[in-house]
Amino acid sequence: MHRILVVNPNSSGRATDRILKSLAPLQNERLDLELKHSMRGPEGVDTILDISIAGIETVRLIAENRKKYDAFIIACGADPGLDAARQITDKPVVGIAEAGILIGWPLGRTFAMLTGMKQEIPQMQALVRCYGLEERLACVLAVDMATAELTKGGDHLMDHNIIIAQKAVDEHLAEVIVLSGAVVSDLAQPLQDKIGVPVVAGLTAAVKMAESLLDLGLQTSHVYSYWTPKKDDRLIGYEDLQDVYST
Amino acid sequence: MHRILVVNPNSSGRATDRILKSLAPLQNERLDLELKHSMRGPEGVDTILDISIAGIETVRLIAENRKKYDAFIIACGADPGLDAARQITDKPVVGIAEAGILIGWPLGRTFAMLTGMKQEIPQMQALVRCYGLEERLACVLAVDMATAELTKGGDHLMDHNIIIAQKAVDEHLAEVIVLSGAVVSDLAQPLQDKIGVPVVAGLTAAVKMAESLLDLGLQTSHVYSYWTPKKDDRLIGYEDLQDVYST
Amino acid sequence: MHRILVVNPNSSGRATDRILKSLAPLQNERLDLELKHSMRGPEGVDTILDISIAGIETVRLIAENRKKYDAFIIACGADPGLDAARQITDKPVVGIAEAGILIGWPLGRTFAMLTGMKQEIPQMQALVRCYGLEERLACVLAVDMATAELTKGGDHLMDHNIIIAQKAVDEHLAEVIVLSGAVVSDLAQPLQDKIGVPVVAGLTAAVKMAESLLDLGLQTSHVYSYWTPKKDDRLIGYEDLQDVYST
Amino acid sequence: MHRILVVNPNSSGRATDRILKSLAPLQNERLDLELKHSMRGPEGVDTILDISIAGIETVRLIAENRKKYDAFIIACGADPGLDAARQITDKPVVGIAEAGILIGWPLGRTFAMLTGMKQEIPQMQALVRCYGLEERLACVLAVDMATAELTKGGDHLMDHNIIIAQKAVDEHLAEVIVLSGAVVSDLAQPLQDKIGVPVVAGLTAAVKMAESLLDLGLQTSHVYSYWTPKKDDRLIGYEDLQDVYST
Amino acid sequence: MHRILVVNPNSSGRATDRILKSLAPLQNERLDLELKHSMRGPEGVDTILDISIAGIETVRLIAENRKKYDAFIIACGADPGLDAARQITDKPVVGIAEAGILIGWPLGRTFAMLTGMKQEIPQMQALVRCYGLEERLACVLAVDMATAELTKGGDHLMDHNIIIAQKAVDEHLAEVIVLSGAVVSDLAQPLQDKIGVPVVAGLTAAVKMAESLLDLGLQTSHVYSYWTPKKDDRLIGYEDLQDVYST
Amino acid sequence: MHRILVVNPNSSGRATDRILKSLAPLQNERLDLELKHSMRGPEGVDTILDISIAGIETVRLIAENRKKYDAFIIACGADPGLDAARQITDKPVVGIAEAGILIGWPLGRTFAMLTGMKQEIPQMQALVRCYGLEERLACVLAVDMATAELTKGGDHLMDHNIIIAQKAVDEHLAEVIVLSGAVVSDLAQPLQDKIGVPVVAGLTAAVKMAESLLDLGLQTSHVYSYWTPKKDDRLIGYEDLQDVYST
């Protein structure tokens, strides 16, 4: 049985509840999914500073729990802390934006990312490019709602998503839609039914990616990017993270 | 329960046996994996013409079986027929080269593909580029053995793989190794143990990718690249494929 | 005198007639152009499966005739079978999409490809990218007509082409137009007169490219991508292609 | 007069001293350069986790001092916290890796980055790519010394740098060398004298870039990537950063 | 004190006056900026031939003055003669298009270039690409006025710039605006005030870049691209340039 | 009958003789090839300044002869003046570096450029990139001889070319060799015989490209990059070029 910790990098209880609801159908006898959210950091992850702070808090939560779980999912569309978290454990760490794109890759030649606010578009484009996955990116489009609004859900949110998903397909020739946000996962199925192209929710894609890596016995490479020096009490003020350097 | 058909695009019984052996550990009560190989086409898939012929035969086998299975895996490192097979069914079709790369993506920032013969290197580089996944490709290296030789396995094969995998890591800074061939899957674990970086076998990665897509209810997009016109008796001499145009 | 075989990869007599008409002005005492079409395969090449099947049939036709001609042209905008055909002979094999782009390159810094149906746009973009020629691609635009309709020709077709060619120039800053389809070659001149930018017909460009290669004594490289193993009765069910492996 | 704060993102006093020494020659009556180092975080910034933690501490130091200075320099070759720091102030924030590359751009068509440890090479390549500046990157080469060693300086360090700089020029055709590390700035001049190609020290380049932006009255764009929402007590546990959201 | 020669590559007195006016605020006791314009060549630099001729005349002017100044600025948005001028002197030579982009880089993740005429857009896109700086180019937009008109200035020019700058920000998600033309430098500040994103004038950016290179003691690399053979009376009809080959 | 002017952009009589010799076999009753060389400019085109000067002189020669010929070939591996020459006439202008690459494209998936001196390598790489043709560039390798030496020809030159061509094939996986220089055209055939991969001489490729464009009635696009304003006595000191602005 795989024990996977899903970290909600923002400190919002309401978001955590929505994420839990989306994950429920994936639970089964071979999989134990647990969800924790940061006690610190931003309530919603909208800006680059939010991402940085949420990143550190995500790493802290993973570090604290790294012996208790088999894999970790970072449940936020900006994948905060993904690279740093990969350094501190051999166990798979999966980000939902990255996983959503990867799982959607075999379904069509181009994909669109839907995100929250227009301001975040260049940041999301940069993220996809930093992942080396921009070649098939048809467009990043925004529903123009902040995380706090998105969390509320409702018909309004669904309507907005239908309009921009259709625009992605018709004008930008997207063949697959990726929903990067964690709180909009339950829109995937109705949106797919409405638009008629596959809609991948990053959150559930991440669970499947984590399970796949676990089933295949694959671990993070520490030979270059995610290497770690010997432990030497080098971290002042972050003593809780100090002992990750001992691996 | 998911029923997945694994197609061996070459017509070699020996290769089919090796593939079967590699897949055995992945079988479980939720998964029924069946393996078929083409009765026609090349015995080993080495050249571009081999790929084209094996591609059509793969599509034929999938077309013939497309109502009996939930997903299809093309078990050859050149992914013959992958795009065409996606056109003829809504069900997921997964290629082992593509899946190996995608499943390896979260494990490190760069990857190396190991292939059979030096002559095939530019063809494999072109394949990775056509998939839009070349950004993190550290190198394609060859063990310099034809498919027929690879199929025999043995210590010699393992030794060759160790040498070039180590070269990929040391000289080309690869953080992850992807074994694209179907018949070398069982080398993944010992090679990983030896080299100390994650080694992804495309074949087993493809099984996990197919399961993931099935679990998430995702199907191939037919809106652009994989669209199909109405049935109209248009295929002379390929009548067995004619009725795929009725979907 | 150069003997060039032009292969129409689809099995339509009407298309073959239109192609013949377009080629007539290029005939001269130094050039013998002959046209053959497949007896098998799709009537029109619209989808990815069409391309795969037409590809094999094209290779068959070239294999069968490879001693009688000096060069081969694949007269279909998707260049079906181009790579595989290059493997089976030292003689030049030219695709009309590729040749159209190459011949248009010296005429302006950006080019537009005009194609038939909107669904085919991502597939054509992927083709240009697989050729490594996407850097100057301003856009792929579609007249939104299937091959069968295109074959009929007429004012309607011309009007559609004028509208999208003008759009390519005005909105996408295309400096050169490339007509990828074989049956629309005779539109090149009137379209050029109307729009005022050079319009390259892939079909006639391919004839000039083939002549150029012949005049220069250049042959396909078989050192890597187009290599061929020794003959060994390896092709079951494709015995007609077997002896190409003897080279 | 411009007041510029140079932040040493690591918590090492020895490194701070070396940086100070390198900056001394740039001081003049029009420029007030002050140097502060984090009281928290890693002693040397070597790994991705080090970069994340040092990033937050850098942002903290800049936030705390953002009214007292006219511009900010992040004096570490991995530019920790650069993007997040840009969000919290209109005043220019300059990273030494980025500035080193930009200032070196007009001096030659290709550049090499020299870095500390071999493990860091893919991370530095990824950084240059994330900056969109990879097109002219000839290579990233490492002297194979950790930050702590680099800080000691000495002949050994110089010898290593000469060898790899020469290799960058001779084998990778680099026309310009960029020293990304903050503590190796004083090697630039002797290395340049020895190798005969321009050697840019990121640290001093960053001072000139900051002055240039100040002289030209240019400020960070907050319209997309570096936008900030209204203040709303959203940051739990990072109250010191809370009021940056009020701008 | 730095002596910098600003070369106006066109032969227009009116343009020279406008450039002088823009440079006045940058003069100080540490900087001596002098302006010269070609006595030969085109009155305005609009076409590719204009650029070539202006390039040679720019090189001539720089060659003639290369002992009297410390650095050279080419004050035309197409950077005519930039590469060739770098060959003939060790002293920094800065182009205003290149410098405008480089100085704007730290201010936002994407930039727009504003240029004169629509016809010039592909040429400016090609220039940015040849510089290897296209990764963050959001768009090139034109005010649709020839250099002669631009030189007149006035409200009309400002209005046009406001409209296209706003379009660049709103529709193309540009975070920074770069004014490539030399005669529009004084629009930067009012445009920035109006649009609310940083507007970089290439001309003033070039002055700061030149000063930075001088302050840092950096010179052009002559190891590859800008190398020069021994003097050998090889230049017939360009004897004034002959002796640059002696360095 | 097509009348084509081949311009030798350098002022060397010996080079002109070698070029003539290479072109002789291409002469026939349908083609009149004439060769002229500049009376001014560098004796050999090695550096960037050489290219600029030779470019203007090439444009002058073409301008002077533009009514007498049907097409123009610039017979120098750096294609000096190519873009500017395209502006001044509707008739095809072909560069030998560009034509060599384009004609070689259908022969293999990767190509190598052989050039004269090691110092020129980055400049040639930049040229290929500016043409948008870098995707299939395996490498640029140099025989390490200046143009003057190359012009002498001889066994030594052939030996050098064999060594680096073999290196391009074996180590860089080049499938096609392109000889960019005009004076080394007659090496193509013996080099091809020796190495066993196709060797394209840019010079003869350019003749075929020019003939192809003429046969197809294709002219340079003047809609964007190669546009020309109305004649207005704007060119001081280049009055011989003035009237090209009247078209």
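A, B, C, D, E and F are the chain letters, set down in written order, and residue numbers restart from 1 in every chain.
By definition in this document, a contact is a pair of C-beta atoms (placed from the backbone, for glycine too) under 8 Å apart; a residue touches a chain by one contact, two chains touch by 3 or more.
All values derive from a computational prediction rather than experimental measurement.
Under the contact definition stated at the top, the chains bordering both chain D and chain E are A, F.
Taking B-D and C-F together, the chain pair joined by more C-beta contacts is C-F.
In terms of the distance between Cα centroids, chain F is separated most widely from A. At the interface between chain E and chain F, over half of the residue numbers appear on both sides, which makes the contact a same-residue one. Per-chain Cα centroids separate chain B from chain C by 29 Å.
Taking each chain's centre as the mean of its C-alpha atoms, chain C lies 44 Å from chain E.
Residue numbers of chain B whose C-beta contacts span two or more other chains: 109-110, 121-123, 126, 173, 175, 223-226.
Pairwise chain contacts present here: A-B, A-C, A-D, A-E, B-C, B-D, B-F, C-E, C-F, D-E, D-F, E-F [touch as defined]. On the chain D side of its complex with chain A, the touching residues are 11, 39-44, 46-49, 51-53, 55-57, 59, 81, 83-84, 86-88, 118-123, 126, 129-130, 146, 223-229, 234-238, 241, 244.
Against chain D, the residues of chain E that register as touching in their complex are 26, 92-95, 98-99, 102-110, 131-136, 169, 173, 175-176, 189, 196-198, 200-201, 204-205, 208-209, 211-213, 215-221, 223-226. Here chain A touches chain C in the complex through residues 109-110, 173, 175, going by the rule given at the top. The touching residues of chain F, counted against chain D in their complex, run 121-123, 126.
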